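Labels for the chains are A, B, C and D, by order of writing; each one numbers its residues from 1.
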Amino acid sequence: MSKYFRARIKENRKLNKDHNLLILTPLTPIKEPEPGQFYMIGMGREEYDPLLKRPFSPLSSSPESIQILYRIRGRGTLIMSNMGEGSVLDILGPLGNAYPMPARNHIPLVIAGGIGIASLFSLSKKLSKRAYIFYGARKRNELLLMDELKNFAKELFISTNDGSVGEKCDITDILKRFLNSQSYLSDKFLLYLCGPKPMLKAILEIIKDRKINAYVSMEENMACGIGACLGCAVKTVKGYKMVCKEGPVFPIEEIVW
Amino acid sequence: MSKYFRARIKENRKLNKDHNLLILTPLTPIKEPEPGQFYMIGMGREEYDPLLKRPFSPLSSSPESIQILYRIRGRGTLIMSNMGEGSVLDILGPLGNAYPMPARNHIPLVIAGGIGIASLFSLSKKLSKRAYIFYGARKRNELLLMDELKNFAKELFISTNDGSVGEKCDITDILKRFLNSQSYLSDKFLLYLCGPKPMLKAILEIIKDRKINAYVSMEENMACGIGACLGCAVKTVKGYKMVCKEGPVFPIEEIVW
Amino acid sequence: MSERVTLYASDILLMNLSVTIGKLKLKNPVMTASGTFGYGEEYSDFVDLNRLGAIVVKGLSLLPREGNPPPRIVETPAGMLNSIGLQNIGVENFIREKLPFLRKFDAPIIVNFFGDTIGEYEEVARKLNDVDSIHGLEMNISCPNKEASWKIFGTDPEVTFRVVQAVRKVTDLPLIAKLSPNVTDIAQMARVAEDAGADALSLINTLTGMAVDIKTRRPKLGKFTGGLSGPAIKPIALRMVWEVYKTVRIPVIGMGGIMNANDAIEFMLVGARAIAVGTANFINPLATIDILEGIETFMRENKITDIKELIGGLKCH
Amino acid sequence: MSERVTLYASDILLMNLSVTIGKLKLKNPVMTASGTFGYGEEYSDFVDLNRLGAIVVKGLSLLPREGNPPPRIVETPAGMLNSIGLQNIGVENFIREKLPFLRKFDAPIIVNFFGDTIGEYEEVARKLNDVDSIHGLEMNISCPNKEASWKIFGTDPEVTFRVVQAVRKVTDLPLIAKLSPNVTDIAQMARVAEDAGADALSLINTLTGMAVDIKTRRPKLGKFTGGLSGPAIKPIALRMVWEVYKTVRIPVIGMGGIMNANDAIEFMLVGARAIAVGTANFINPLATIDILEGIETFMRENKITDIKELIGGLKCH
């Protein structure tokens, strides 16, 4: 059971202009990841441009099948989106730490901005029906996996910036209202966050006076993915930590923004 | 009618382990090449590795269809061999000079070693039934386009180094025998050569005392393909000449080996 | 309709792409890199030469040069090595055979040149100085100095000073010194060239490299080593342009791996007043025009009306 | 059957991959490049560390270092820039926390280190000298010199001489000086380091570069510039190793863009006695082993029984 393996593309499904769902068949036995962990995925090619692997959090991952939801962001993901069935990728992982599971008396709130849902999806599933899920995106077609999320959630809150579906606001506005309306439960809430920096900072503002605990999955450019290159540093109150090894999940109060 | 155009892969047919036939549909009107001319073909990609275009002589080329026979030799052609139908390549050409056509009283002999046939194929066709074609390769499956060549040739001579088809010898041995048996025609013969250096040198040995004229298509690494970079120099009795512009076809006596 | 046309025209008018290199005014900052664009005519099938900011031709010497034995080119990861060996037709043939063609276009002609000795530099510059319709000189100092056991001119500050000064004395054309990147301290070399009287600096020339064929055990280039160019060197080129920009007051022309408008804008942000397109011409013969249009699009999209807003616009705080 | 096994075993026996770096004997020439293999343990999930020619660990300083602000890494064409900023746990933590693990393996441990001052270099070397199971020291001189307004040690021949000599005096471990490629004359720096008493040289370290985000107009690296590594720099590295090999008598350890056995053999042909695998580890965590096996295959296929036949085997006539 190696942490470096090859997997064949079974399907590379276009979900919309910017998002694909990649379904992979591992060619050798793999170790199953915990929610929050990630893979470093290489194009399995001989060419050196692009050079580095890219980090992705699987929606699900079993010895039979790995599902990756990805947004086409730059060169690497663009090339990936053009890869056909049968192509073989090389993969490192699972890597990094995982979201700590909530205690029995915790009320988990999952808050995803945009493609941040990729990292929080498997957690939501594992928390089956326990979590309130807050999911915001810019517009309708960036809200993905809605049917599954509805199933996994105790309650699902949706927002888009253009109001094309759900409320027309930031997802943080909905979260704020929710927390206000249930402020007596503050010490029970446990937040799980993944999304763009502005969203994370807004949430930090909201929770900092309420003593709510939150875990956040951080993003940094990566090279090795295993703590060897010291490239993926994020500033914390305890000095620089490596997102790939000591993270990607950190207690939010540890991060120095 | 631009000399820089894009073409879509209609078919990328595997002929055997090392050879593919590429059939392209130009996306804009093109200029038709003369036998001996070539195209610089790029992978039409954003990635920078491999970087340079590669030179190929078309078997045939019309506004509707370009046919390229290529041998998988290094990284570029390997990647090319993996490109699927529908991919778009970017192409420069036609480039370089052409094989001078024989005068009416000339007897053209076409001598191809291995993939050298790609360059001589369209000439053979144009010389319809006039040329004696000598075609050698290492083994059976490296002899390609045999049906067409039989059609185009006045007579077709074949050799393989392993004797799997044709005579078991170098094609130069057959040529030598041919020339010996018809030495009284020496001043009528006009040779067209394309193939590996050792073959070219052997032929030079054979013809040099017989005053036979020969044109040879030369090969050099290329960058620009249009005489701008001065990269594809070949040593001639008149100093360095550029294969891409002053060639690829040279009178054999001009080349300094 | 007529209003829309007017608007569009004023839109164009409002977007100023012109830059000045010494007393030379370029209508836009996109130049060609010497040695990658022949004598201009090679690319005239593909590119409307009138649209270029300037045409920089292949480096000339006093007499024609044969150049190096093949192979002269080898591909490397995201780059290429060349050992052309400064082959050229010589300054007089250039003036006689190539200039008349170039002269027909509305783009300034900048002549790149070099010599084996300081004297040869002077002589070539003198010859070029007197010719009509040459708009600027670019002196390539990344070449071997016969008087100093073939050490590269541009790797020694003192020699650089002397050769630039010597050329400065014999020409009043805008003089660009083209720096070699194979040095410890590019800012020092830049300062020296500025002090010696250069009107502008261009960089980077190629980085010396090699490649080996493990089957034959031979260098892949006939002359063993060659100059590395292309996207591979862009990070180094950018850094050097930035260092030089922070050091000198004369304009800097940036080059090294520029493949598209993005790359060109990176160079302008670190301080390049103009940029030159080299290896990219081989990959895409329309590269110069594509880059020019890409810069225009970027400016339009970002509401930049004067390209000078980009030059040195890097934010480091 | 038994005969076949015997033949195979003798086949292996007949193939000698061992090389010596000063008094240090390596069972094969494949080392790791400092900073790309952590402290060894990070890769022990993937690589049988026992098989490596040597393990070179991340550069250490006297006290722990925080390193640079992020982003610390950015991809470039066929390469990457890093500005880790020499983050490390400090020499004492290394000895206490990391060495016990490494000690368990049958691969020589080479400790890469650096300092802000010559005094710090000395002190680190002294501390390392007395520790059991450290087999060699590699001094990184591509770092800023506090006593000379942060100019890089390894870009000044005199400073290089002084710092190498100072370290030489306090250690009898095999001493490798790791050269900076950001210099005009790498052969000169090599000669100086040899004269100062280095037992071997390693090169190249990274080339200084940068990248710019044109949307934000900021450098892509938090510290603005960084070190370029990966396939992009291989041609430059090969050329430098060749120049150094022709200049010094001490062994040379080659690195810079080695991705596969082919690349490694190119370096050996131009004179590298051993090679180090850097950025390639990030692309393929098994790179070191793949390269080792690739070299073995090449030797077998070419009937090379002793790897020394490859070292400096370049044909230039």
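Please note the rule applied: a residue touches a chain if its C-beta (ideal position, glycine included) is under 8 Å from a C-beta of that chain, and two chains touch if they have at least 3 such contacts.
Just so you know, these numbers come straight off a predicted model, no measurement behind them.
Novice: Treating chain D as absent and keeping all other coordinates fixed, how do the remaining chains group by touch?
Specialist: Once chain D drops out of the picture, we keep one piece.
Novice: Taking contact as defined at the start, I'd like the list of chains shared as neighbours by chain A and chain C.
Specialist: A chain counts here if it touches both chain A and chain C, which gives B, D.
Novice: So using the touch definition from the top, which pair is joined by more C-beta contacts, B-C or B-D?
Specialist: Contact tally favours B-C.
Novice: Going by C-alpha centroids, which chain is farthest from chain A? Tell me that one.
Specialist: Farthest chain from chain A, going by C-alpha centroids: B.
Novice: Distance from the CA centroid of chain A to that of chain B, rounded to the nearest Å?
Specialist: Computed from C-alpha means, the inter-chain centre distance equals 54 Å.
Novice: With centres defined as the mean C-alpha position, give me the chain A-chain D separation in Å.
Specialist: Taking the average C-alpha coordinate of chain A and of chain D, the gap between them is 36 Å.
Novice: So what's the Cα centroid distance for chain B and chain D, whole Å?
Specialist: Roughly 46 Å, centre to centre.
Novice: For chain D, which residues are shared contacts with two or more other chains?
Specialist: In chain D, 77-79, 230-232 touch at least two other chains.
Novice: Counting only residues that touch at least two other chains, what does the list for chain B look like?
Specialist: Counting only residues that touch two or more other chains, chain B contributes 48-50.
Novice: Among line, ring, star, complete and other, which one matches the pattern of chain touches?
Specialist: Graph shape here is complete: every pair of chains touches.
Novice: Where on chain C does chain B make contact in their complex?
Specialist: On the chain C side, the touching residues are 35-38, 42-43, 45-46, 58, 66-75, 77-80, 82, 84, 87, 230-232, 259, 279, 281-286.
Novice: In the complex, go through chain A and note every residue touching chain B.
Specialist: 46-50, 75, 78-79, 84
Novice: Tell me, which parts of chain C touch chain D in their complex?
Specialist: 76-79, 81, 155, 182-185, 207-212, 214, 216-219, 224-225, 228, 230-236, 238-239, 242, 257, 262, 265-266, 269-270, 298, 313-316
Novice: Which bits of chain C are touching chain A when the two form their complex?
Specialist: Residues 77-78, 231.
Novice: In the complex formed with chain D, which residues of chain A make contact?
Specialist: By the definition above, chain A touches chain D via 2-4, 42, 48-53, 90, 92, 220-235, 239-240.
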